């Protein structure tokens, strides 16, 4: 029963949204080149499926690499910063600068250094995904119960042991939330990467490239189809993170463990 | 008290307040020798846990001096183990892995570690739940994991903050006896907080009664029974008399409730 | 429905309110429109025109298609493609006989003709029809990197190739001590017009307004190029900080040098005029590149006023 | 002493970074239009200060409005979703869709519906800032200690009371972390908004517009100055959030309360 | 037990296991009448807290029936208050605001609320720390806040899970007496978990001894002393005898430690 509900409700909500969409279109007479009907988008997606699939593959590669890099480096950076308040004080502002400087400033420099292509797309995705992970993981690492810290002091744990055995496990749910945010923007990173550093011949660019193509030719249903393709890829990332979340926390965390049965 | 050695823990004119709050402990002077078993009793909120935390250097002294084994308490921390008033188990570790934690931290070899752990787990009667997570344990079981964890290292100084408060009398009595057995072997010095006068009398060589507001030493009481002590000790009339005497003292320092 | 209008002085026809959205921030390539506006040419035609700027991300095409603006500018090939998927665009006149779009290379670059692009990377707008055309006609392949409207990469890399307006970017390159050369795309056999576009529904309902707008705009362009452009230039400089007087002068000169606006009278070209033959050829090219949803006719795309055989 | 360190360390790190920057430039002979020297950027910033200040004012307005809207609506949406697992199941996927669809798909539709200008910039910023807040706040709302939930059941709290009196305060640190992430990207939202929706309001160009202008004119130091101006504005948001964080949690949360003194 | 009314809490053939784990409680049959004061004692981990949670419907029954006041326990929850084994205070609320929580939830007017709160705060001896946050309290003080919070509503059924375990004997005895005084007024029915046999005998009209593995009722013991009971009751030889008797029973059900 519960299982059906888990599928039924989002499906129902989806149908409602589609209905509203179609309704708004009808009532306000919005034309297809402003807001295409869901059906038209589906048709466009089917027609362009080969192109979109190839594009998705290109973009998702860069997005995945950047995402994974952000996860690893973000986690490590947070750990290092939790080792000492001085580290944290010295590094955090500059990590913020990295995040807050518009990517359009860095992108050309990156392209000049690394050339267009996958490595640059990866770095751009990385820059976009990095901070949400660091912000969350750091918050988790410093939110440890004071009594636990006392315990670790009493068992003469050094700073590294304290971080590895206490802070990191405690920060796991925070890290995973950061990962969820990063996962949801990884494709945006990939697309931004496409825009600044993608390169292609003929009609086989990444999603970002195809968005520009469709936009330039005012192929609006195709444009939306490309957008939703990106969405679908994004769901892959988020799903992976949710799976990881369940797997890592299932035995002990209040957000997962069902109040007992 | 057999040698004229310098005291192991020496506290002089100690005062403690948290931040700008009221004074919690005031004018504490206390010398404790090696292998003494000191119980701290006193009304709730009088500063017993605070005193243990000061000795463990988990909280800074406001004024006065406190040395442990001739060192600053922070440097002496390696010689101590602490059973906290709350169980403080890591929720992501099973019973076994929680008990093993201090051994893991001090890099004891895996084989040795699991041998010690198994022994301690048995001691506290948790053989049947080695893979349980803390959320699956009863309150008393959690506390027992915490006890096993602290006893798995062999400290010179053991700080115990109401370790047996959540246990039934049977388990409590048995663990009392086990504790004394371990003490006979390892010869640790103990600071033991309890609300059970009988327990204090049974375990201790010395009982410190704290008076509240601000916390200060009201009585320093030497328990006259020799070790080893057994279940029979509890039954003896002298024991009962001693308990009654300490209870009376405790009663006299407790704040009258209007 | 009637065209919106503003009340006018008694005895005068009320002015018709219309909006032109340009394709980018204000620049010399929009000079004629500002000239027409400031000199009152539109007003003389009974129009109350408002010009709003485009931008790299502004939805200019959508604004025109939805009728939020009535007029815009663009290229004839884009207009053909849009009409083929039923977007209500119509060309009412040419704005430039030749498109200023070009490829910019360094002076010493080995790229001298389009064939030399084979295997190289070009920074340009993705999906550009001319790129497909060049690749097809020259049986070659080059790589496209999305245009980001910056020039740092060009300056850093002597082998860099990027799309430009022949009238614009080379100026900055020179100013920064390097030398650029341009290959006009129109020289490669792909030769669209830059055109004045109208929303097709609007133009069908108000053919007079469309005609008047085209007429006044062309007049503005003539005046901008041959008269005194300072009025429009001042306005452009105010709207777009990038447009300094020397730069505007450079751009105007370039437009004249390349005969962009008026074309070559010897070939029957002239301000505003559109050749049916040239349009048809463009439709055929786009069709052969499979860029059209359906084959359109010239008359679907262009109104008759400035259409010539 | 501690106070000095709080300033000294980041400053020192900053000096190190600047030194490395200059060093790399010298050693590899990187030219100014690839990577300008810090000094040149500073000079450019001073020269263009009036323009940049005006631009910052425009962009920060949209960014601030969008940020505040995202904070409020994100908080409310998370609260509603924590009221029932069904709500959460039905809404979360579509909130993800909102986040994961590239803004370039929605932006044109927004511009057409709302016209260019502040409201549209605000909505674009909102869309960018929304999800990090929702993801974090929701995680906080569902991570409540099971024993506390039992307590609330025993005192017969209804669902709304449970959320307001238990889950919301507990989720506060999570919300504030989300806010920190949102704050760090609010200016990016504003700039994106500038590019898509702010560019037709005449001379009044925001930072996004100035970035394009400088980029198009090959004024690379000025370009970087514009980027750092955005950064500085971003710090305003982050600082406000950090202040709020301190103020709301100072009395009880382990991440703020100093282990006792 | 003065009227032949149906029992207030009726438990029949009840079994409980958590998930797929071992059986925790098995074959529990228990009828409790209005105004009975039932103590539950038994070794640590035998299922006392679990039984209270089942009565409060905080955990589902695996099999068997359990009715409270003729209703499903869930529907009867309005009539109950629960003092948990852990203090479960909201860390962002001060002592006062923690005590006021249930009153706030049931929308008691502010004036009434702070009057009741002040009374309860006084009862548990926390007048001097109204604005303290939980992290500033000692273990016993936290527990006292929790007690004050539960007593501030006037429930028909009171579930108490080792409420006084962390308190010193003085405070404990005093609160025992206060609890009986409140009971005389409000006539609630109590389920009381404790590890102190003396406390159980002093407070209860009935003592249930649970045997472990799986938890089952080993003895159902009626305490013969009439209410009101006073400090003198504790001194009486019958009382001592009763305590000894229950202790013996408890001892007999406790698992022998190898």
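By written order: A, B, C, D and E. Residues from 1 in each chain.
The rule is short, and it goes like this: contacts are C-beta pairs under 8 Å (C-beta built on N, C-alpha and C of every residue); 3 or more make two chains touch, one makes a residue touch a chain.
Fair warning: this is a prediction, and the values are worked out from it, not measured in the lab.
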If a chain touches chain B and chain D alike, it appears here: A, E
Target chain E, source chain C, minimum contact steps: 2
Pair exhibiting more inter-chain C-beta contacts, A-C or D-E: A-C
Chain centre separation (chain D, chain E; CA means) in Å: 50
Interchain centroid distance [CA atoms averaged], chain C/chain D, Å: 38
Computed distance of Cα centres, chain E from chain B, in Å: 28
Multi-chain contact sites of chain B, meaning residues that touch two or more partners: 18, 58, 86, 135
Shared interface positions of chain C, touching two or more other chains: 62, 66, 148, 150, 152, 156
Sequence positions of chain D contacting 2 or more other chains: 34, 104, 108, 112, 145-146, 150, 215, 223, 253, 257, 259
Contact set on chain E toward chain D in their complex: 53, 56, 58, 77-78, 80-82, 84, 86, 88, 90-92, 101-102, 104-106, 133-135, 153
Of chain C, residues touching chain D in the complex: 21, 25, 52-59, 62-63, 66, 68, 148-152, 155-156, 172-173, 175-176, 238-242
Touching residues on chain A, where the partner in the complex is chain B: 145, 147-148, 150-157, 161, 165-166, 169, 172, 251-253, 257
Chain C-touching residues of chain A, taken from the complex the two chains share: 31, 33-34, 104, 107-109, 111-112, 116, 194-202, 205, 208-210, 212-214, 216-220
Chain B partner contacts - residues on chain E that touch it in the complex: 18, 21, 41-45, 48-50, 85-86, 125, 128, 136-141, 144, 161-162, 165-172, 174, 195-197, 213, 247, 250-251, 254-255, 257
